[in-house]
Amino acid sequence: MASVTLTDVRKSYGATAVIHGVDVDIADGEFVVLVGPSGCGKSTLLRMVAGLETITDGEIAIGDRVVNDLEPKDRDIAMVFQNYALYPHMTVATNMGFSLEHRGTSKAQIAERVKWAADILGLEALLDRYPRQLSGGQRQRVAMGRAIVRNPQVFLFDEPLSNLDAKLRVVMRGEIKGLHQRLRTTTIYVTHDQVEAMTMADKIVVLNAGRVEQVGAPLDLYDRPANQFVAGFIGSPAMNFIGGRITPGGFVAAGVTLPLPAGLPAGERSAVYGARPEAFALAPDGLPATVTLVEPMGPETQVTLMLGEHQIIAVFRERVKARPGDTLHIRPDLEAIHLFDAETGARLN
Amino acid sequence: MASVTLTDVRKSYGATAVIHGVDVDIADGEFVVLVGPSGCGKSTLLRMVAGLETITDGEIAIGDRVVNDLEPKDRDIAMVFQNYALYPHMTVATNMGFSLEHRGTSKAQIAERVKWAADILGLEALLDRYPRQLSGGQRQRVAMGRAIVRNPQVFLFDEPLSNLDAKLRVVMRGEIKGLHQRLRTTTIYVTHDQVEAMTMADKIVVLNAGRVEQVGAPLDLYDRPANQFVAGFIGSPAMNFIGGRITPGGFVAAGVTLPLPAGLPAGERSAVYGARPEAFALAPDGLPATVTLVEPMGPETQVTLMLGEHQIIAVFRERVKARPGDTLHIRPDLEAIHLFDAETGARLN
Amino acid sequence: MKTELAPRTKVLVYGLMCVLLIPFVFPTWWMVTSSVKPISQIFAFPPDIIPRSFDFTTYGRVFELQPFAQQYWNSAYIAALVTIGTMLFSSMAGYAFARIRFPGANLLFMVVLLGLLIPSEVTIVPLFQMFLSWGMINTHWPLVLVPIFGAPSVFATFVMRQFFIALPVELEEAARVDGLGRFKIFWTIALPLARPALAAVAIFTFLHSWNLYLEPIVFLSSPDRFTLPQALTQFTDAYGGALWNVQLAAASMTALPVLIVFIIAQKQFVEGLAHTGLKG
Amino acid sequence: QDTVNLRMTIWSANEAHLAMFNEIAAAYQAENPNVTVTFDSLPFDTYTTTLTTQIAGGNPPDLAWILETTAADFVNSGALAPLRESFAAAEGYELDDVTEQATALWSSDGELYAYPFSTSPFAIFANNDLITEAGQQTPAELIAAGEWNWDNAIAIAAAVADAGHDGLIVRDFNYQIWQNLASIWRGWGASPWSEDGDTCTFADQPMVDAMSFIHNAIFETGAMPGPGESVDFFAGDAAMTITQISRASLLPQGDDAFDWDLVPLPAGPAGEYAVIGQAGIGVFANGANPEVATDFLAFMTNPENSRKLAQFFPPARASLLTAETLGLTNPLLSPEQLESVVIAGITNGVVLPGHEGFAQIQQTVRAELDALWTPDADVEAVLASVCDRIGSLL
Amino acid sequence: MAVREKRKRPFWTMERRDAAAGYLFIAPQLAGITLFVLIPLGLVFWYSLHEWNVLASTFRFIGTENYERLLTDRDLPRVLGATAIFSAGLVVLNMSLALLLAVLLNQKLAGITIFRTLFFSPVVVSLVAWTIVWSFLLQNNGGINGMLAAIGVEGPNWLRNPTTAMISVIVVQVFKNVGLNMILFLAALQGVPRELYEAARVDGASPFKQFRRITLPLISPTVLLTSIITIVGSLQVFAQIAVLTQGGPGISTTVLVYYLYQQAFQFHLFGYGSTLSILLFVIVAVLTFAQWQMRRKIVFYEN
């Protein structure tokens, strides 16, 4: 186990730069999740740590060793790929033991380590099967087995659950988390699944277009996103944004005036008003909004509304019996209001 | 547009029967979602309606025409495949117009219909592209465009969104729903996504191993599942099941006794106690349960607990600051308790 | 995989295939049946579809008249060597062209493709001179080396390249992380996975070597070094006239094992090519 | 003394042939322990081609069989070593015993460049069963009556053809190996080119007459099978075939046997004649050991070994040309047949036409003659165009 | 942030190591191609500048004389014509028959493996045996005309008429080798996703339309590849012609490779033969290059 330090890391493919200087410190044993929109450079960054991509500039250190020019095999990392990359021509046991074979580990030791990993992951009965004979979840587990068997310093995961169906994803999420709690191996985990990021991470790194937008604990990012990008990115359904002006009388937007929390710097200014779907409550004295779509989802109801001229989504923790065209009265929770600079997107409150 | 009626439909591949007599009535303009575990026969049923599989026994009628022996092209249906099945060598426009070419439609008319569909789906700018030049969501839209361009009597969708990422899935879900509200074409939609089923369907058909388990409106299935299978299948995270006995003193399970709703038939009996994760509330006077995993997810917190000897998952609509090993006191909402026969799984209350 | 055909269509397809088969099967049938006919009946007109008499001694004669067992062995081991060599070197080159970035890769690939364009008749004389200067005339070296490294292997390289392009890159990356170098990745991951493509390459290469005609005649001069196609021309009577029945018996024995191998391997083979997509 | 390996290319792969050659080689080796001889069998169809490739590649054999048609090429090219001196010096060789008739083709300016080890006359095999069945006189009867000429011969063939069989087949001609037609046209005194090989005589009257005769036999009377028709005399369905006597081995035995006869070629308008095919053995001057090779050739073709060779290859030595000697090795043939066909043939026969650059001439003529093998061909015009095309090659 | 010291990079960076591996991997093949293709080709070009009579051992530099001779060779235009007809006919027939067979053999039918094997079997049968049987069948009184006669048709004298002789050599060659292309097409057909056919069925396309609009475009890369291989192969066919027609009647079936073979090996004119070799090589190269250039227009590529 070791810390991982990225110092001003940059990556260009030919003339196009895709990572523009990233600094991240990952402590020993930490579980860090990289999120960001598609194409922002998550995989690239992870693969640079793995040694699968060269580092154009900057430095990556694992522990106190700079690994820039080390081969992947010399970095003492293990990686779990999105589609598992199991060797289809090897059994589960061989797949798992494969990396040890090339490190001069004895047969007996390999068998022992494989057994140890299989025990942890509940794969004992499957050791002689081939990957094609496994279900998606089992394959996932084998991929993890392959990673843990070596007891590497760092685990790297690139969207390891995105090929699984929703139900299995929940199960595997638990297992990965459990595994980390048990082994405490430093982990970098790429995903674009909100829930995974929120539930698994000690620390989330939000990337955007090759730059770090914010680093922090999940609920910190959720509660106090540093800017509009992070605010919009974390949380699902996404935060509603309404452009307008901060005035002493409230937040003036097209067709509606919204209440503002206290303690804002004085003075009028253009801003973006951010409210999560959960931040609205039904209240007879609330703002009138016209329903355009009602989506009941069991315990809660997701309603699309027109608030003035702005479309917003609200999630109510109750059954709402409205139909498109009805008017609902809603009230934003002032505690949970975010305000951002209209130009830079930086947080104002 | 037309109704679709399945009467005792059966399907065997060689000696193995996979559909064991399915009766479903779908009204004109209805949006019906087929759900069920993998391999239960959803696709097979859909493909029988489409005419891509022969019908071993029973009858399928579209409108008042029995279509058992009609070719797909003569059934006036349109189908959207899971991976879209776009013709990779044709432009978007040609893909969309392809089905009209074979119906003697004039070039001008085809162009007009394609334009109409492209307008609806926001594909105007993409008509000259090839599928490989499109993003996932755009491809999805083209697949739909190909379906609507012909204005068929029935739309068939086989897991059309399962290849998209979570965010896009939400968007496309809305678009399909909007489209249905606009065109009101009878639709049969296969998915195994809970949320899709709940939010889109007028009526959900739950299939299990080639048989219909329950048919009904989404919230009916959620609130009053006809049996344990449906109860476990609908809703995510899934309903917690606890096996035990109904006694006058409550529901006796291993290591814990749970309160029962009123109005149950008298007498002791074995049963399964079902409670959705949302059905638990924190209450100082509740049952003590030991925390094993806490997953904060922004507005709510998902906690895995040991209740007596049973592991359950509870979702609380608040931040829970517990750590593994802590004890929480929880109380099930008696209104939301489901009881099932231990043998047959049939609903008891 | 296609959906089932309607019974009526099935009958039609079977019928069509049977008719089409005639020109494909008749010559082989004739070859096999004529091998047990007396010479005077072989060219009788109209031909006997079923021989009037069976004289299997021709098969024995094949071995008496020529060191046929030796020649069989020659063909077999040459073809085997060529096949193995081609599989190895072509898959190496195909792998590099598909997977490894190195300056000049495209140009070098074009150079290799050039090999596909040159008929062997064109270069046989210079090749003969080269092998002569290396003292390899009347040895099997030219028949092994030229196919493995020269023109015939280019097709194999091409097929392998297409296959490797389609192979998921993650597998190799996983192997790199697992501690393997390029060559080991190639050997333990890429090559085992290329089995279907290798099967296709193997059949093509084996057939090519097995049927090679011009080169053995030019390069070999002693009968105990001959290969089968060359040996087939050697069954003559005391005055140089062809012993047709014996020659056809030998020809039948030449074709049969390859057909059997094809029957066994054809599924792998077709799938192998299917996987490569063989896109130009 | 250095060991010497001699290599000799041959176009036979026949076991018996090889056994005999090896026996001779062994005997030579007994006297010359440092010399070994190997015999390379090349396929007949591509024999000259392969030989040429070896030469071009710089790897000529020490000795090689050479076909009559390419004799001129080899003899005149300087590729072959002169033999006369060594033969003359060889003890008991009796070079004079070898007929001049036979060596003519292989000599140039009085020097001998190859030994004619096989001189095989052309003759006619007849199927007397078919001929009598068609109500015709057999060739033997015609010979006895002194009426064995082409008019009568072709009439027999036509009659048999009319009876639903085939008439006369020029074996191996196949409308491609046209030089085999020399076995007919010599009867008209025709030849493709002048003695010195410089002038085309295809268009001369004798050739025109002979070719008209052949054309007529093919397309008018049907006495000869037409182009694209393969018939095998030895399968028993044709009246007669012109071929070399060595083909006697193909005569069917047992159930399929028929009453056959072997007769000389019939007389033509120009009188009686005979035609022979020849093969020689030459030594390559560029080989590694031309002296040893020449010495071996002298040994191989000395009187004693020539007698052995005569088992399979009709000899060129006058002393061996007796029905008795030949009968030993051709048990199928009667003494009369041997006398009238073989001995007379070898003694009087004209060798098949050959020329320097023969392959090219052969091919060019073949292509031109294709125009002749149609029912309404203009014989004179076609032959004129043959001369037109090959004039520059002669 | 502290100013980072520029680290010295080792010479064997990851890129360099990889490139080195690349060269090592292709080295055997490249060496082989150089030795057995490029050098011989160079030598052939060198020969073509000489008059070389093998028997007479004359090897005389004559510059471009042989190339000038190409222009005056009376037979060459007809040889090139025959080559064009032969190749075009062979390619068209081979490809369409291979495609037809592949489509038939791609059906899900009992015993299809046997049919595949039978259609493939000529590929493994000795060329000698194959051509001999066919020369026998194609005789004027041969099997084919026999069959035609049975249905009251008088067949032509196949190998003796310039047109039918050309057809015959093409057809015999196609039957012998079409199995290879058939297998390649079969493989390509299996690569077409089934959903596309299903989508097309729902879209109302007839089986023929499906073939023309879906199958054909999607297997077009294979069609291109096989057409290149087949054209190149067709320009190299000569043993069959040698047996069946010997280039006749006249020189109507004398294709370029047969012609060069005659010149070099039968007529011993190696210099001129080499010149014809170079001509053949240029033709093959130009055709292949042209096809390769056209591929973007006529072939559909996934990526």
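Just so it is clear, A, B, C, D and E label the chains in written order, and each chain counts residues from 1 on its own.
The rule we apply is simple: a contact is a pair of C-beta atoms (placed from the backbone, for glycine too) under 8 Å apart; a residue touches a chain by one contact, two chains touch by 3 or more.
Molecules present, by chain and UniProt name: A, B = sn-glycerol-3-phosphate ABC transporter ATP-binding protein UgpC; C = Carbohydrate ABC transporter permease; E = Sugar ABC transporter permease.
Please read these numbers as outputs of a predicted model, since none were measured by experiment.
The chains in contact with subunit A and with subunit E alike are B, C.
More C-beta pairs touch across the C-E interface than across any other pair of chains.
Spacing of subunit B relative to subunit E, judged by their CA centroids, is 55 angstrom. Work out the mean CA point of subunit A and of subunit B, and you get 26 Å between them. Multi-chain contact residues, meaning those touching two or more other chains, occur in subunit C at positions 3, 43, 45, 125, 129, 181, 233. Shared interface positions of subunit D, i.e. residues touching 2 or more other chains, are given as 53, 56, 230-231. Each of the following residues of subunit A touches two or more other chains: 51, 71. Across the complex, subunit B meets subunit E through its residues 47, 50-52, 71-73, 77-79, 81, 83, 85, 87-89, 98-99, 102-103, 132, 146. The touching residues of subunit C, when paired with subunit D in their complex, are 38-41, 43-45, 64-66, 124-125, 128-129, 132, 137, 217-218, 221-223, 230, 233-241.
Considering their complex, residues 1, 4, 7, 9-10, 13-15, 17 of subunit E touch subunit A.
On subunit E, the positions that touch subunit B within their shared complex are 193, 195-196, 198-206, 209, 213-214, 217-218, 300, 302-303. Within the complex, the subunit D residues that touch subunit C are 7, 9, 11-17, 38, 40-46, 50, 53-54, 56-59, 230-232, 234-236, 244, 246-247, 249-250, 252, 256, 312.
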